[in-house]
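Next come two complexes, and both contain chain A; in the first it sits with chain B, in the second with chain C.
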Partner chain A sequence: MTTTTSLYDQFTALYNERKGLNGNDWLQNLRREAFEAFKAKGFPTTKHEEWRFTNVAPFLKEDYSLAPAAASLHEHKNAGTIPGLDAYEIVLKNGLLNEDINIPGIKITPFRSAVKEPAIRQYLGKHIEVQKNGFAALNTALFENGIVIEAAQNAATDKPIHITHVYNAQEPFFVQPRILIIANRSSRIEIIESIFIKGGQPLFVNTVTECYVAENARVDQYHLQTTPDNAHLVNFTQVEQKADSLYNNFIYTLPGATLVRNNLHLNLDGSNTESHLYGLYLTGGSQLVDNHTLVNHMKPHCLSNELYKGVLMDQSRAVFNGKIFVQQDAQKTNAFQQNNNMLLSDKAVVDSKPQLEIFADDVKCSHGSTVGSFNNEALFYLKARGIGETAARNLLVNAFAFDVTNKIQIPAVREYVEKLIAHKMAETYD
Partner chain B sequence: MDNKSADILEEYSDKEYEFGFVTDIEMEVAPKGLSEETVHYISAKKEEPQWLLEWRLKGYHSFLKQPEPAWQNFELPKVDFQDISYYAAPKSKAKYKSLDEVDPELISTFEKLGIPLSEQKLLAGVAVDAVFDSVSVATTYKETLKEQGIIFCSISEAVKEHPELVQKYLGSVVPHSDNIYAALNAAAFSDGSFVYIPKGVRCPMELSTYFRINTENTGQFERTLIIADEGSYVSYLEGCTAPKRDENQLHAAVVELIALENAEIKYSTVQNWYPGDKDGNGGIYNFVTKRGICKGAHSKISWTQVETGSAITWKYPSVILQGDYSSGEFYSVAVTKNKQIADTGTKMFHIGKQTKSRIISKGISAGEGQNSYRGLVHVGSKAEQARNFTQCDSLLIGDRCGAHTFPYIESKNKTATIEHEATTSKIGEDQIFYLNQRGIDTEKAVALIVNGYAKEVLNQLPMEFAVEAQKLLSISLEGSVG
Partner chain C sequence: MQRNKIPFADLYIKEKKHRKEDMLSIKNLQAKVEDKQILKGIDLQVNAGEIHAIMGPNGSGKSSLASVLAGRESYEVTGGQVTFDGKDLLELSPEDRAREGLFLAFQYPIEIPGVSNINFLRTALNEIRAYRNEPPLEAKEFLRLTREKQKLVEFDAKLANRSLNEGFSGGEKKRNEIFQLAMLEPKLAILDETDSGLDIDALRVVSNGVNKLRSNKNAFIVITHYQRLLDYIVPDFVHVLYDGRIVKSGTKELALELEERGYDWIKEPVTSESV
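Let's look at the complex of A and B:
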């Protein structure tokens, strides 16, 4: 068995091997800086406040290959599709886009060709604090594949874009996709991302997504995290919002991946912005689902609203850390955050840390956090009306999740998520 | 904000400390610095038994080993531990039998603070164990308490007279190695209070100690130990004011509470130490470790604090809920203005079944003050039906202050119910307008609103303290307008 040290060494070797290959200076500098940051700190440990409850070491011990055999990928028709969803379908195989997609007003380019364009320079890696985020640093230093989605000014898609990440894990491997979303002034994009894994071997996916929402633009992002249990997902999403923009993020994690770590950072760098973050984690087995969000209010008159709900089963563990920063300039800020958890098993553990840091006085900020279980009175009420124990429990869990699922604005996605929850609950109580 | 309220705001946020004066009393001061010899010196001065000296030395060694913490939400000022004198006692160290024997100047100091010691006997049944710097100078009401078997004395006295109790409980809640400041305290604690309430006794009066830091450069290392035996009840008050000084003074006290079966301890603090001038010079560093344990079933510990002073207030009065059905409470009002910093909150460890805790924290930040609430609610896997409710609100006055909350919630039991809520806002203009309309000027309106905001906590204070606390709040914040 190998240890995290050897993985660290593997990355160092890979970096050194690739060092000279990146043509342009700026990209080389970006990667060097990021790699130095990663090299200095290594993988985060539980001594790091941000990783206090999430020990990644056991998941890094696999003998991961960093460059998977590309050959074994063939078409996966219908893989990871969402029934009834009318969308532009994009399939990324091991992070690689190999067909051109034509969507009016939207340009989708694989990173390999995108990095050659000078315009990308003002976006790529611009706002990610690589010093503070080891995994994001590692991705920045070494990512190869991924896509850039750019919406032209005033462009609006008639249907959402559905990206399916397909991985074929014939051998254990570590993959680092990168996604860059640029929504230019007054444009509108809806993106749904889902993941499909085959092959049966352990997989570690370290994704970084950057999203630029320009003035008056709107971006909706949906993440559906359903994977087999030997997958490990680490996501880092950095969002920059300019004045009058709207950004919505929805993230739904279902039983599967033993490790899920989502970092979602928002910089509200303009007045009158609105941001909504919704999350639902339904965890089972020995899963560890860790959601870290950071909303940084930098300018006045912005609204942010965050609601994360969790249902924990088996020996699973969930971590929630929500940070809200309100800078001194950000007067008239409204910032809300809520995290509710339901523990359905004796062995499940939840760690919740909602956090506010406020430096402006004319603000309305609040957060709430609860941990509990089934309301016995509600159960009794339902049973007294002839509803069986199992059905009653399902009903209560669905009602609990409803606050988050009913925010989904694409009916097909909503139905799909609701079905996944119902299915899981039925499985648990039957 | 109109001009008048701006003036008022300026006046009050700049307001200098009102209780700044220095008492001129001859002091016996140990040479500066901490070493094994100093520990031996303190222990010898206090004629302590061998076990206590050894315990102090253990504390000293763990002090040497521990790094200073780095997780707090402020920049930790460099404290030169070798530049502090670890022992100071008024020279006249004889024990006083009656108040007449006490140095008149000392008495007048207390009177300036509004603690007429000579009148205490007549007042509201409060027994005062006045700690002047480090040595207890007078203990009143001892006789009355003695009749009921209650022990209320200085800790050095308790070491001599009740060594078995002290040895059993000292360091049992806050071990000598708990944190660097607790270790420092273990090594160098000067004096403090000791309370023992025997089985089934309800302490007939509020026990109270007024601390006061006096000698320049003398860190205060108080140690308080309160034991409530089965079925007993005690309410303990601690209040502090310190004279004005330009150099920073470190205060690293330790308070340990032990509640046995069915016992209840209520611990109230009003803290108004010198906060430094408006540029942040001087002021006390108040780094205190306070922890209580509900050892027996159905026991209860309640912390109430009103923190208006100190340059930096850094403490987390905590409760370990070990006994089944035990409960812990924490009520806090923390005010920061000028450049004051408060990083305070609580920890509730739910270990036993059916344990309950309630946390109410109200932070008020004005000027450039920074106020942080940091709390932990931990529910262990055996804490069936544990229940917690937490509310932490922050009020902001002025646009240069800050309010922060860092709650940690950890639950390992599905039958536990935990609720946390926090809000941050400024004083509503509509509230002030409403009161203005009814002929109440802005200054009074703000005092009214702030007192109303903090009422939930102030209500928890015993009568005698509630008045003082309200006065303190008015002095600190009356007239501040957001």
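Let's look at the complex of A and C:
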């Protein structure tokens, strides 16, 4: 491939090369539909309503390799560990799972073998609207690596599962990992995902995660997005909740990756569900962090609660777009959404857009967004007690982030996130 | 101040120590805020071991004086000098003033949700210690100190563990200021209307706390509207601030006189002068 070939053409070539090779019909069909959706519209541009503030074009110009050499990542066995975290550790090296994982009640299967099992057919790509989501379409058409995590009925893990995505970017490359989580009836799992990148070359990670939360099951998902700045992350997470289930999503983005786009879509397809979405983005440099969420209330008596907070430094930008749909059937819905931002620099910009669309009449919904800066009175109070600029700002940023960080239910993860924030603040104001 | 007989050989040293006694020296201090002249030439001398009370009508500039001394950035100093322990106070950042031993108990302490009282105090204490090249306090020692000072000012341990002043009652906030004062042991403490909002018992507790913290090495400036406080914390001097100037100074009897006669008799000479 030459440098003049566009990424779009490269993917088209790759698709054509592979299309005869997908064993079973249903998978071939799924991939074909997805690829056609991608082909028709290509990568999203700022003309696309959902991408108005986020121009991905500059990040696609790189001469990415689509099939990186299987680099040895052996020496990085402990990379990306979270101090003090007691968890089942899973390391995906360039998307590949290289070892057997034994967790009571939980089945972990690499996609390469999982796609051969008929059961996966009822889950894979079932609810993702590929027509509307170009990146998710591309992933669906061409993903190869990743894992399926399935919790058996009534299974509950004694400790969380920690997935570290380790990438060795010896050359610029574009990866498309896929994660499928199936929490069967009354099961309970906690999954933490973090990312560790070495190699120093640009890396584009286009991830799709699907999560099925069956009746009375509970899934907690944590995402820690800390990467070097030549990483670009696009995530698409689709969650399906059945009756009486509970789903919690926590996402923490720190300075690093120049582009982060997270899409989190929830279908509340059962009554009496509960969902909590917490996000924190601390942005720096010329970073762009874009969170799009969509909570679709389809059935009655469901509760969704969303709180995203942003702290913006330097000339960084953030986008928050939160949609709540309350369908006609979804009476007695409680849906809350809040986005608060703190700008620590004149050059930082945030675009915050909460959206509510309600088609039922008996619902309780609220949404709001705020943008502010440091409270100078608070800053003075702290200084008047001998606390210097750095420590004072650190305390205030932590205080602002507090109602998001204090929701983290795993102490080691919480400490880790707080340390990352403190470290960043010290770097900035020392 | 009582003075003991000094052996001849110690005279020279005592001489130097004596110079250290003038802790705060304010000369012709003028300051404005948003183009409004608030302080119009303040002179005040505070020595170690002394308690000064500042009284005066609403809006006369008492809190402004405290703010300027503590380094609040919205005030612009337009003239005069302030030395604190021999250093040019006005040159120092607010945090360095605190680290040098200046403490302001705020008239309106702010609420800072998400910052725990204890974490805040530990940070403050350790930053002050670092400034003096002292190592951070051991966790055990910090805990011991916290307990001791909580007892001294009868500050509820439950409050100490909450977010800084969040949801505290007016009186609890004031008590917290005194708890912080006890923890940080400053050289010079300015109490800005710490008594207002305190119930009668709390007033006694807070005053007892201050009296226990008094020594011949520290000093207090107590801003108040009420003579009552001065029954507990007995001042060496009482000053009346009016329209940005100290218009009268005296001993504790002046406070009693003000209680009886109000401020009009003091205002008059100033207004007639300015006519």
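As a convention for this text, the second predicted complex is superposed on the first by the 421 of 430 C-alpha atoms of A that agree within 3 Å, B and C clash if a C-alpha of one lies under 4 Å from a C-alpha of the other, contacts with A are read in each partner's own complex, and residues count from 1 in each chain.
Just so it is clear, a residue touches a chain if its C-beta (ideal position, glycine included) is under 8 Å from a C-beta of that chain, and two chains touch if they have at least 3 such contacts.
Just so we're clear, the structure is a prediction, and the values are computed from it rather than from any experiment.
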| item | value |
| --- | --- |
| Simultaneous placement of chain C and chain B on chain A, clash or fit | fit |
| Per-residue contact with chain A, leading partner among chain C and chain B | B |
| Chain B versus chain C as contact partner of A:294, first or second or both or neither | neither |
| Partner chain(s) touched by A:356 [first = chain B, second = chain C, both, neither] | first |
| Touched partner set for A:152, first chain B, second chain C, both or neither | neither |
| Partner chain(s) touched by A:399 [first = chain B, second = chain C, both, neither] | second |
| First (chain B), second (chain C), both or neither touched by A:412 | neither |
| Chain A as apex of chain B and chain C, Cα-centre angle in degrees (nearest 10) | 80 |
| Which superposed partner A:27 touches (first chain B, second chain C, both, neither) | neither |
| Partner chain in contact with A:385 - chain B first, chain C second, else both or neither | second |
| Minimum C-alpha spacing, chains overlaid - chain B and chain C, in Å | 15 |
| Residues of chain A defined as touching chain B within the complex | 49, 328, 331, 341, 343-373 |
| Residues on chain A engaged by chain C in the complex (per definition of touch) | 375-378, 380-389, 391-392, 395-396, 398-403 |
| Residues of chain B defined as touching chain A within the complex | 71, 379, 381, 394, 396-426, 482 |
| Interface residues, chain C side, partner chain A - complex | 70-73, 93-95, 97-99, 103-104, 106, 109-110, 112-115, 119-120, 123-125, 127-128, 131, 163, 180, 184 |
